[in-house]
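Two complexes come next, and they have one chain in common, chain A, joined by chain B in the first and chain C in the second.
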Partner chain A sequence: MARLIIMGGGVSGHTTATFAKKWLGDEHEVVVVTPNSQWNWIPSNIWVGVGQMEKKDVVFPLAPIYKKAGIDFRQALATEIHPNGKADDDTPYIVISSTEEGKEGQTEELSYDYLVNATGPKLNFDATPGLGNGSGGLSGNTVSVCTADHAVHASEELKEIFAKAKAGERQKILVGTGHGMCTCQGAAFEYIFNIEHEARKANVRDMLDIKWISNESFLGDFGMGGLHMKVGGYAVSSKLFAESLYAERDVQWIIGAHTSKVEEGKIEYELLDGTMHEETFDFAMLIPPFGGVGLKAYDKDGSDMTDTLFAPNGFMKVDAKYDAGAYENWKASDWPVTYQNPTFDNIFAAGIAFAPPHLISKPMTSPNGTPINPTPPRTGMPSGIIGKAVAHSVCDMIKKGKDVHLHEASMADMGAACVASAGKGLFDGSAAAMTVYPVVPDFEKYPGTGRDTNYTFGEIGLAGHWIKHILHHMFLYKAKLKPGWTLIPE
Partner chain B sequence: MKQEEINFGKSEQFNLTMIPGSFARRMRKNIIWQFFRFMVINIKMLIVVSKSH
Partner chain C sequence: MIKQITQYPTQTSFDFGGTVRHFDESLQTLINDLKDTIEANKLEGLAAFQIGSPLNVIVIKKEGEFLEIINPVIFTKEGELTPTECTAYFPNITAVTKRAKKIKLTYDDSEGKQQFLTATDDLAVLIQRKNDYLLGSTFISRLSPEEKKIFENKLKGFSDTDAQASCNISPFSDKILTVIKYGLIAGLISLIGAFFSTMTPYIKIFEHYLMIMIAILIGLYFVRALYEGKRCGVCQIGNTAAVLLIKSTYLAGLYLLNYWILF
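Let's turn to the complex of A and B:
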């Protein structure tokens, strides 16, 4: 009997665990180590953050689902990896620290035959002074929608802003990125237009100044270097598409910005031209930069070998080309295909946890030497697809031997569908629905835009909004492993 | 003044882009057209999904 341990039960890890268990059956063991007792469909946190959904609509308890599936669930944080085992035993193992009520901090060693790191991002609020509270959490200066609890808090604060606006007090809202090296602009983009939509519904739009701030060098970069899509018979840059939407909804923008300091009601930021500025606000939602979750790795003799498994940003090294050099040399083939660790063939990383080879957007630095550019996004669809491919590979290795051909899922060969929806009503909402294929542009295959413009498109309307609703219900249904769950694509 | 023209005048940023007129805005909410687009977008998304697996 082989044991597969999956660290992290989010979008990617949950996909890996559930498919692996289905394919391996009871002959082999699948263990999930994840700190939360509830699973969260993160994209719908946006609706929680504007008070259109409650926390209970976007989470469900994991234990009964894993029990039904036959997956061993450990509510804990993985803290250490010992890929070569101990001095007197070669069996690899990890150390976990319980987060279960009443057992907090209790540690345990779990041996493994295969290990998947799907721990997602560390929300690195402390990278920007005043954005974090100095001990890893969010300071009270801004809000966040990255977790369901953050989103509940954001919604309460927003309610107060709307109340003040209703009472005739003009309010300033700032939404975007809280550092020069952030990703996940799409989430902030969706949040700002949901606020704008709700403000109209509440008849307070006239009393709000809504502003966007981001590290993108142009609006519509989205961490993917922008995209070209077919709109109204034209192939247009996402810059024009995004600018048009912001202008239509009266949302001003600041771009190429590194938020360097946050205080109560005020941020300081540096622009790509090196100049320093300030912006005041009454309500701000700023996405933090992401990093690896800080897992450590140790050799048999107890020496630290974290550098062997992880890149300096804390994400796990996989089969990517990390020495591609300057922007001019970057190729689609630099991106990982199997997500296997180059040193240990029984370790994989899936979803946000893998170290990308480089940015997708063009690297930019201010004259003061501050890097101001989005880091590559790894959204839900690629995270799910990678999770499934990794599950496939591990199952094949367990059943057929280590030399099998591994399953491939390169982001340079994979699309992503993103729907940024504003509003929640079926007939009063609207959404920007976008697909991009491939996520990482391939200029050898698609000279010019780097992408297939037949399948890279975007449009605004009710249709996208309906799709967002369907996705919300479909993915929660799938994650709960209800009948036919395997038929729903990632 | 038409609604789309109001925002052009609000800032230099807005002035240099395109803003949809009333027809484009109406079509975004037109149930029949949007139902048709719903089918088209779904098919395209399914093709993207199948190309990605």
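Let's turn to the complex of A and C:
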């Protein structure tokens, strides 16, 4: 009997674990180690953050689902990987620290045959002074929608802002990225337009100044270097698409900005030209940069070998080309295909946890040397697809032997769909729906833009908004492993 | 080499805005072509799109000197101007646009080195106008709704092929699609209504004729869309056939629901 351990129970980890268990059956053991007791459908946190959904609508407890599926669930934080085992035992193992109520901090060693790192990111609030509280958490200066609890807090704060606006007090809202190296602009983009929509519904829009701040060098970059969309049969740049949306909704924007400091009601930021500026706010939601979760790796003799398994940013090294060099040398083939660690063939990384070879957007640096560019998005659809491919590979290795051909899921050969809603009602919302293929531009296959314009298109309207609703229910249904869950695509 | 300047009604290509990654001889050739074409036509500047290249390159002629702007990113806009603009893409037609008075941009020079530029007034307007081409657009995207209407009327007068101008108006086939959509919705609603009322026989008759009408409309749409495509000089048979298939699938779905619910 082989044991597969999956560290992390988010989109990619949950996908890997559930498919692996389905394919392996009871002959082999699947263990999930995640510090959270609940699964969170993160895209809908946006609706929680504007008070249109409650936390219970976007989360569900993992234990009963895993019990039903026959997956061994450990509510714990993985802290160490020992891929070569101990001095007197070659069996690889990980060290976990319980987060279960009443057992907090209890450590345990778990041996494995295969290990999948799907921990997701560390929300690195402390990368920007004043954005974090110094101990890894969110400071009180801004809010976040990265977790369901953060979104609940954001919703409460927003309610107060709306109340003040209703009382005739003009309010400034700032939404965007809290650092020059952030990703997930899409979430902030969705949040700002949901706030704008709710403000209209609450009749307080004219009392709000809503402003966007982002590390993108142009509106509509979304960390993917922008995209060219077919809209109504015409080709439109995502920049124009975004600019017209912002102008239409009267949302001001600051781009090419690295938020360097956050204080109560004020941020300092550096622009691409190196100049420093300030912006005040009454309410701010700033996405933090992502980092690796801080897992450590140790060799048999106890020596630190974290550098062997992980890139300097804390994400796990996989089969990517990390020495691609300057922007002009970047190729689609630099991106990982199997997500297998190059040193240990029984270790994989899925979702945000893998270290990307380089950015997708063109690198930008201010004259002060500050990098100001979005880092590559690996959330949502790519996370799920990668998770499933990794599950396939591991299952094949367990059943057929280590020499099998591994399943492939390169982001340079993968499309992604993104729906950014504005509003939640069935008849009064709208959404920008976009598909992009491939996620990572392939300049050799598609000279010029690097993308296939036949499969890269976008639309804005109520129908896209319904898709967002459908996705919410479908993915929660799938994640709860209800009948037919495998038929729902990632 | 002097190149032919792309003019309306040639639509912007799907391939535009390609980031320049290699600062090599082919880029230098493109820059030289832009300069030659600017000189030959006595222009203030050109975007690469205007001579048929998808790359993010602009060449501006300023006080006798050429300014080569590659991969421009305008990151700050201040103030507002409402200049009257004209461009080689729409020869002899002007429009009052909305532009930023002052812009700050970063760009690469012809050797790939990052540069910064602050431009105001006329130069700012010119760079913004050329930058629109790099985004697959023209200054039409910077017009107010009222100015856009005026401009479109000017365009109709300008174009020597009325057929091309007529491609910009909402096609009749779209209206047929809208009627089909509402027909299908009406069919669904009346089917749901069958659960709550005793009028099932009447609903059966209504559904029967509605489905026949939708089938005829789908056929009409196909013929009309093909005709419009031909009139506009574009081949849309793939899209039209796809829409036909989708609508037929919806109709088949409605038929099956009818079969299960009403019979």
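Operating definition for what follows: the second predicted complex is superposed on the first by the 490 of 490 C-alpha atoms of A that agree within 3 Å, B and C clash if a C-alpha of one lies under 4 Å from a C-alpha of the other, contacts with A are read in each partner's own complex, and residues count from 1 in each chain.
Rule of thumb we're sticking to: contacts are C-beta pairs under 8 Å (C-beta built on N, C-alpha and C of every residue); 3 or more make two chains touch, one makes a residue touch a chain.
Small disclaimer: the values here were computed from a predicted structure and weren't measured.
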Chain B versus chain C as contact partner of A:Ala87, first or second or both or neither: neither
Which of chain B and chain C A:Ala163 touches, first, second, both or neither: neither
First, second, both or neither for A:Ser244, with chain B first and chain C second: both
Which superposed partner A:Gly450 touches (first chain B, second chain C, both, neither): second
Contacts of A:Ala63 with chain B and chain C, given as first, second, both or neither: neither
Which superposed partner A:Ile488 touches (first chain B, second chain C, both, neither): neither
Touching partner for A:Gly256 - first (chain B), second (chain C), both, neither: second
Contacts of A:Met276 with chain B and chain C, given as first, second, both or neither: neither
Chain A positions touched by chain B in one structure and by chain C in the second: 240, 244
Of all residues in chain A, those that touch chain C in their complex: 217-218, 225-226, 228, 230, 233-237, 239-240, 244, 255-256, 271-273, 327-328, 330, 362, 364-365, 367, 443, 447-450, 453
Chain B residues within the chain A interface of the complex: 4, 7-8, 10-11, 13-14, 16-20, 27-29, 31, 34-35, 37-38, 41-42, 44-53
Contact set on chain C toward chain A in their complex: 11-19, 21-23, 54-55, 71, 73-76, 104, 106, 112, 114, 116, 135-137, 141, 239
Footprint of chain B on chain A - complex, ascending: 240, 243-244, 246-248, 250, 252-253, 381-382, 385, 388, 409, 413-417, 427, 430, 433, 435, 437, 455, 457, 459-464, 466-467, 489-490
